[in-house]
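Alright, structures below, take your time with them.
You will see two complexes here that share chain A, one where it goes with chain B and one where it goes with chain C.
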Partner chain A sequence: MMKDQDHDHEHDHAESESPGHAAPKEALDEFAQVELAIRELLIERGLITQAQRRKYLDQIESSTSMLGARLVAKAWTAPDFRLQLLADARKAATEFLGIEILHGPALVALENTERMHHVVVCTLCSCYPKALLGIPPDWYKSFAYRSRMVAEPRSVLAQFGTDIPDDIEIRVVDSTADLRYLVIPRRPTGTDDLDESKLASLVTRDSMIGVSVLPEMRD
Partner chain B sequence: MPRCVDAVQTVPRFGEGDRVRVQWRFPDGHIRTPFYLRGKTGTVVRSHGAFLDAERLANGLPGVPATVVYQVAFAWEDLFPAGADARGRTLILADLQDNWLDAVVQEVA
Partner chain C sequence: MSKKAHNDVPADIAKGPSRAMHDLGGSSHAGTLDFTPHLLSDFERNVDALVNLLAKADINIVCPDERRRGIESLPPELYRSLTYYQRWLMGVKLILVQKGVLSDADIEQRLGEIRQRDEAR
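Up next is the complex of A and B:
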């Protein structure tokens, strides 16, 4: 944002410029400068390595909602695991997926049932279980979603094409602090014959945020 | 030297079902209590346990003493009384630090 504001000169970069006109150097905004300075210090002092940083960024940027989907499918098919996931989601996820998410924020799994539907929002910023769901979608960070999901949740869900019957309690979970939330959607009917990996392929990112429900499977 | 471990408040003040009111105050800084909940009364769902104090950490202070974080449920219609969305039962749940909550004496029905 700051970069765009600072970048207010009028010429068009896409057009060829007059010879001798040096391309303007993109100025780093304040946050980028601070990040660079701290990163260089950490590396210089041997506290982290460039390779560790790269690996961590790769892990974040390449993570998708597949890890969350595997957890959901496992919870659907293994009653013991379901209980573990509901009791201590971070521990269960770490052990099952074999990934290191112990240093991230605490994690809570919320189970949707025939009586209760959970949906997650972060009204203050954009807290999101990135380790399990990847990078959050833009709408999740939008002011409209963050404000309207608490003010008029049933209308917002309807806009996502999700009609929650009036006899189902809606629980909007505002991820305000140190916790991250993963919704366990209801298992669609008609999936009794599917194995765990097939089930995982049905579980969508949006169903694990709680803005959608999974469609029934038809023969 | 700030100590890494300090006396941690491990025993939650509130338990499931306790009524609590969010304090009506407006400090500057990185506050994890949303405006729309301030001054509102809700019900404790669970304690999440003790966490380093996010407000202190955000101000460059050590996050100790730690604070218990609770999940508190609010009736949606108490927060948005003029809302046009009142179909079925809706709750808003939020995670709030102990230092933002006051006990509510149960009203006589």
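Up next is the complex of A and C:
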């Protein structure tokens, strides 16, 4: 069990460069103290370890929407994979990306078409396919987005600079702790010559939440 | 403590008893979206790590549904006044105590020690 030798650097922040002698840091606020108290107790009792914590912090520092983008580009270029992704996104993502999300919440991929545009919200909290898209942006967690998107999607989308033509139906889907969504944006015109990795580089986080569409490519 | 527009309370939520405080879908909300990029602070990263480690399959002490129940059990005034990660922290603390993983006394005692260490620096 990890014991007291951890304490000296434990109450420096994890990202601190200082090995302990250190210029005095600002005192922790009330909530940071609560987090530290809980963390220390859980580590001392062997319920979590410092190593697990470091690994997780490293992962969130490194997380981006690139994994989601690779799924989208693959679905655009491989018809079989597209069908697998639409049928069982969690299984298809696990197999293709070699990441383990099978024990996480269910995942559904929703394909935007010339008739239907999908947008994801979590009205109750902030459920989001973090394994594929990274940490959710602040606006996704905001009371304004959570309350308004289901009621007035076109005006909320307008705030993102996104104008969906009136003849395209907008379907807003509400995530839960047990079910997450990934939007497959429409492939931009003018990208026929691009390979899968080039295509993946075009796919943005916002387009996979459904708050933006990908711009056409022209030459 | 920095407060953002997203902590404004929609009028119909504030008035009516018919909705839980977290049930925001479709409620009228005058707030506009704030697109300011936001890098996680140390505190926010630490809470994210704590909460998500507790939910990991091989640790499984507080699962996502329990975490959500914890947040939704916070007093409405507290829920509205806290920032996003403060809500996560207080929600997970509630569940840890309810499940007997930690006691309030354990946490209080450790908080006392932490404050002393802080002052000694």
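Assume the second predicted complex is superposed on the first by the 162 of 219 C-alpha atoms of A that agree within 3 Å, B and C clash if a C-alpha of one lies under 4 Å from a C-alpha of the other, contacts with A are read in each partner's own complex, and residues count from 1 in each chain.
Keep this in mind: a contact is a pair of C-beta atoms (placed from the backbone, for glycine too) under 8 Å apart; a residue touches a chain by one contact, two chains touch by 3 or more.
The model shown is predicted, which means the values in this text are computed figures rather than measured ones.
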| item | value |
| --- | --- |
| Which of chain B and chain C A:212 touches, first, second, both or neither | neither |
| First (chain B), second (chain C), both or neither touched by A:65 | neither |
| Partner chain(s) touched by A:174 [first = chain B, second = chain C, both, neither] | both |
| Chain B versus chain C as contact partner of A:124, first or second or both or neither | both |
| Which superposed partner A:204 touches (first chain B, second chain C, both, neither) | neither |
| First (chain B), second (chain C), both or neither touched by A:84 | neither |
| Partner chain(s) touched by A:135 [first = chain B, second = chain C, both, neither] | second |
| Chain B versus chain C as contact partner of A:150, first or second or both or neither | both |
| Touching partner for A:56 - first (chain B), second (chain C), both, neither | second |
| Residue contacts with chain A in the superposition, chain B compared against chain C | C |
| Intersection of the chain A residues that touch chain B with those that touch chain C | 123-124, 150-151, 174, 177-178 |
| Chain C - residues contacting chain A, complex | 1, 4-10, 13, 22-29, 31-38, 40, 42-43, 45-50, 52-54, 56-57, 59, 61, 64-65, 67-68, 71-72, 84, 86, 89-90, 92-93, 96, 101-102, 106-107, 110-111, 114-115, 117-118, 121 |
| Chain A - residues contacting chain C, complex | 11, 13-15, 24-25, 27-29, 31-42, 47-48, 52-53, 56-57, 60-61, 103, 105, 121, 123-126, 135, 137-139, 141-148, 150-151, 156, 159-160, 174, 177-178 |
| Parts of chain A lying in touch with chain B, wherever the complex brings them together | 106, 108, 123-124, 150-155, 164-179 |
| Partner chain A, residues of chain B touching it in the complex | 32-34, 36, 48-49, 51, 54, 69, 71, 73, 76, 79-80, 83-85, 87-97 |
